[in-house]
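Here come two complexes built around chain A, the first alongside chain B, the second alongside chain C.
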Partner chain A sequence: MARAAVLGRLTWQFGTLAEIVRETPRVSSLFFDVPEWPGHLAGQHVDVRLTADDGYQAERSYSIASAPTDKRLALTVERLDDGEVSPYLVGELRAGDRLELRGPIGGYFVWRGDEDRPLLLIGGGSGIVPLMSMLRHRARIASKTPARLLFSSRALADVIYREELERLGAAGDGLGVVHTLTREKPAGWTGYTRRIDEAMLRETAWPSEDSPAVFVCGPTPFVEAAASLLVAMGHDARSIKTERFGATGG
Partner chain B sequence: MTQVRDMKLDGNAIAGLLREIFAVEMTTARGTCAACGAVNELGRVEVYIHAPGTVVRCPDCEQVLMRVVRGGGRYWIDLTGVRCLELAEG
Partner chain C sequence: MGFVSRGFRGKRRDTASSSRVPPGQYVVTDFPVLSAGPTPRVNLDQWTFSIEGEIDEPRRWTWKEFQALPTETVTKDIHCVTKWSKLDTSWKGVSVDTLMEGVETAAEFATIFSDGGYTTNVPLEDITGNKAWVVYEFDGQPLHPEHGGPVRFLVPHLYFWKSAKWVRGIRLEKDEHPGFWESNGYNMYGDPWREQRYWGD
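So, the complex of A and B:
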């Protein structure tokens, strides 16, 4: 299945939206039935294409949120008000509607779950999405690979997958979930309340001697900052896999 | 004002485009920079997609590795900056 997931001609196909789950005020998960779906690896993405009546097309990439073994293909999308595609996906698309997509795409930013190295996931905002696919995959295959997630959000209400992450982190299977909030300090909050820095990484990340597999995903400045800190702390730059969202798009 | 450095993406962002052209998964292919000789998986390279074409730069020396322009049903692919591409057999 892994072979099928990364090879073969890339063709556009239709998925049918089965369910919408609101994650935060700006972010929703969309669950699709895709009849010809060849399967995917945790961390891969799909391209989505919208076609207007006059033939104008807009294309965007969205990370897959579901685990490879999940029945439906899930995308978790943040609505960007000035975006061309996300306001349609989060706001206009309804259950039963069809959406044109192609994938799975990518092979670099993937975690297969078949290696012993500890897993270090660092996500900023909707950069959590491909990391969530990895954590769901890890849970589905009952992997005991030690894993840590450091997740940076603006405020508590913006924390995507908050309850599910709480459950996964409490399962006692070697996953630790650490949150930091950059714009809010709620009453009783025990997590961090600042941007990711070296002290935070020293407290939460596996040291470079443990040779963790590192995945960092988020907006470009977030990814650059986290990756630079890890390299300065002695991590091998080539063991740090990054995926940037950029400053525009949507 | 958005800074150019904040518009930087990486090879993951052009995984679909590269697969259209090469017909195989390319983010795990390794490219050798013609300028500095650094070898990087294409998932790691720097990518700018906000110009009319796509510009791919070496993450080590920032020299241009590739430029890809698509239009009118055709591609123009400039690979001058890549000395060698190593990829798995399909």
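So, the complex of A and C:
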């Protein structure tokens, strides 16, 4: 149960940045060594706290991108131009720097990999991050649970984890990866080029009769649209787990 | 001197409002949406609000009856556990004191329950005594479904997950039963000023 991973007091601890991987022009993955990390479930998040030299502090939450069994804790962060924390994480923080964090947090938007029913993941933009933790977890435990990812990005250059998703989708282990681009149609592109709609979900998602476990994460309008469509298509509202983030924050 | 994040300066708050912002929070001007599942579509013809549990005669109002109750308009600061705070939010609805008028109960706790199965637990003394409302207008407009409309709970002195969206009633209880987020790692009480976000805080 999620309880096992979140029980007890969540204390602030240090992670040391080991590696930065640029995913897109605005998005980077940060890999931390966290000696006291208690472990997490795919889909959970952490709180991050920054402290200025006069004691001023800022806190934000970020989804965990790494699988529970990965050696390092990965956060994938989109830089928001008017943000307070994300421009620091993506831009200022360097390998060897320490970051205060605590977690894991959240016991609901999680996929443990112990269910038989198919997995349906629908992500918009950086909403892919907790879903990526689930897909990495699925790969690490060699799960054969049928899974589909429908991933909406603005343009090809904005597709986070593009190569890794290509590899995972080509592994022949029951994962299908479908992309849609909402603001670009590159030459030779075989994915969709529009916002998520019912026709797209009918073509790509598991039908409601298959009772998939559904996880939707992205900006609020994206999540509202996808979740409402799924309910209208007959999916059980209780099987649809959502995480939303607004334009503010960062 | 404690730990300093190398190179971090941050965006400073204006001093006028900083005393109103609990630790770890930052002020937003928009209204972020957070929900664990799809937004329920609520039919007001079938909507009722109930007080049940430790009460001799459970109370129930239809939407029409509920609208006829005396209203209050309150302006409150709200604080979400995901770190945003929104100042001076204006709500119109019915005080829980009005709904509880004349109720005799041995209950010390309450579970607020909603369409879609969401629940949250609060001590009864935290929702009586001019501390909580059942609201259906935000900023002079009918409450939008994304923000809990048609009707949501409002208990602004606790983290905002306690202000249940799509609320349908209050269950009075002798013992405290953890609600939805309280069963999923979040604090049983949730005082923003003591930064009671998670279990053990």
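Rule of thumb we're sticking to: the second predicted complex is superposed on the first by the 246 of 250 C-alpha atoms of A that agree within 3 Å, B and C clash if a C-alpha of one lies under 4 Å from a C-alpha of the other, contacts with A are read in each partner's own complex, and residues count from 1 in each chain.
As a working rule, a contact is a pair of C-beta atoms (placed from the backbone, for glycine too) under 8 Å apart; a residue touches a chain by one contact, two chains touch by 3 or more.
For clarity, every value in this text was computed on a predicted model and none was experimentally measured.
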Which partner chains sit in contact with A:Arg98 here, chain B, chain C, both or neither? Use first/second/both/neither. second
Mind telling me which of the two, chain B or chain C, contacts the most residues of chain A? C
Is A:Lys241 touching anything from chain B or chain C once the two structures are fitted on A? First, second, both or neither. both
Which partner does A:Arg148 reach: the first (chain B), the second (chain C), both, or neither? neither
Considering only touches as defined above, state whether A:Tyr56 meets chain B (first), chain C (second), both or neither. second
Should A:Arg138 be classified as contacting the first partner (chain B), the second (chain C), both, or neither? neither
Between chain B and chain C, whom does A:Gly106 touch in the aligned arrangement: first, second, both, or neither? both
Overlap of the chain B and chain C footprints on chain A, listed as residue numbers: 6-7, 9-10, 47, 61, 105-109, 220, 224, 238, 241-242, 244-248
Would you mind writing out the residues of chain A in touch with chain B in their complex? 6-7, 9-10, 45, 47, 61, 102-103, 105-109, 219-221, 224, 238, 241-248
The chain C residues in contact with chain A across the complex are 2-12, 23-26, 28-30, 32-40, 82-84, 116-117, 146, 180-181, 183-185, 197-201
Given the complex with chain A, which residues does chain B contribute to the contact? 2-3, 5-13, 15-16, 19-20, 23-25, 27-28, 41-44, 49-50, 90
Within their complex, state which residues of chain A touch chain C. 2, 6-10, 14, 47, 49-53, 55-61, 84, 88, 92, 97-100, 105-109, 220, 224, 227-228, 230-231, 237-238, 240-242, 244-249
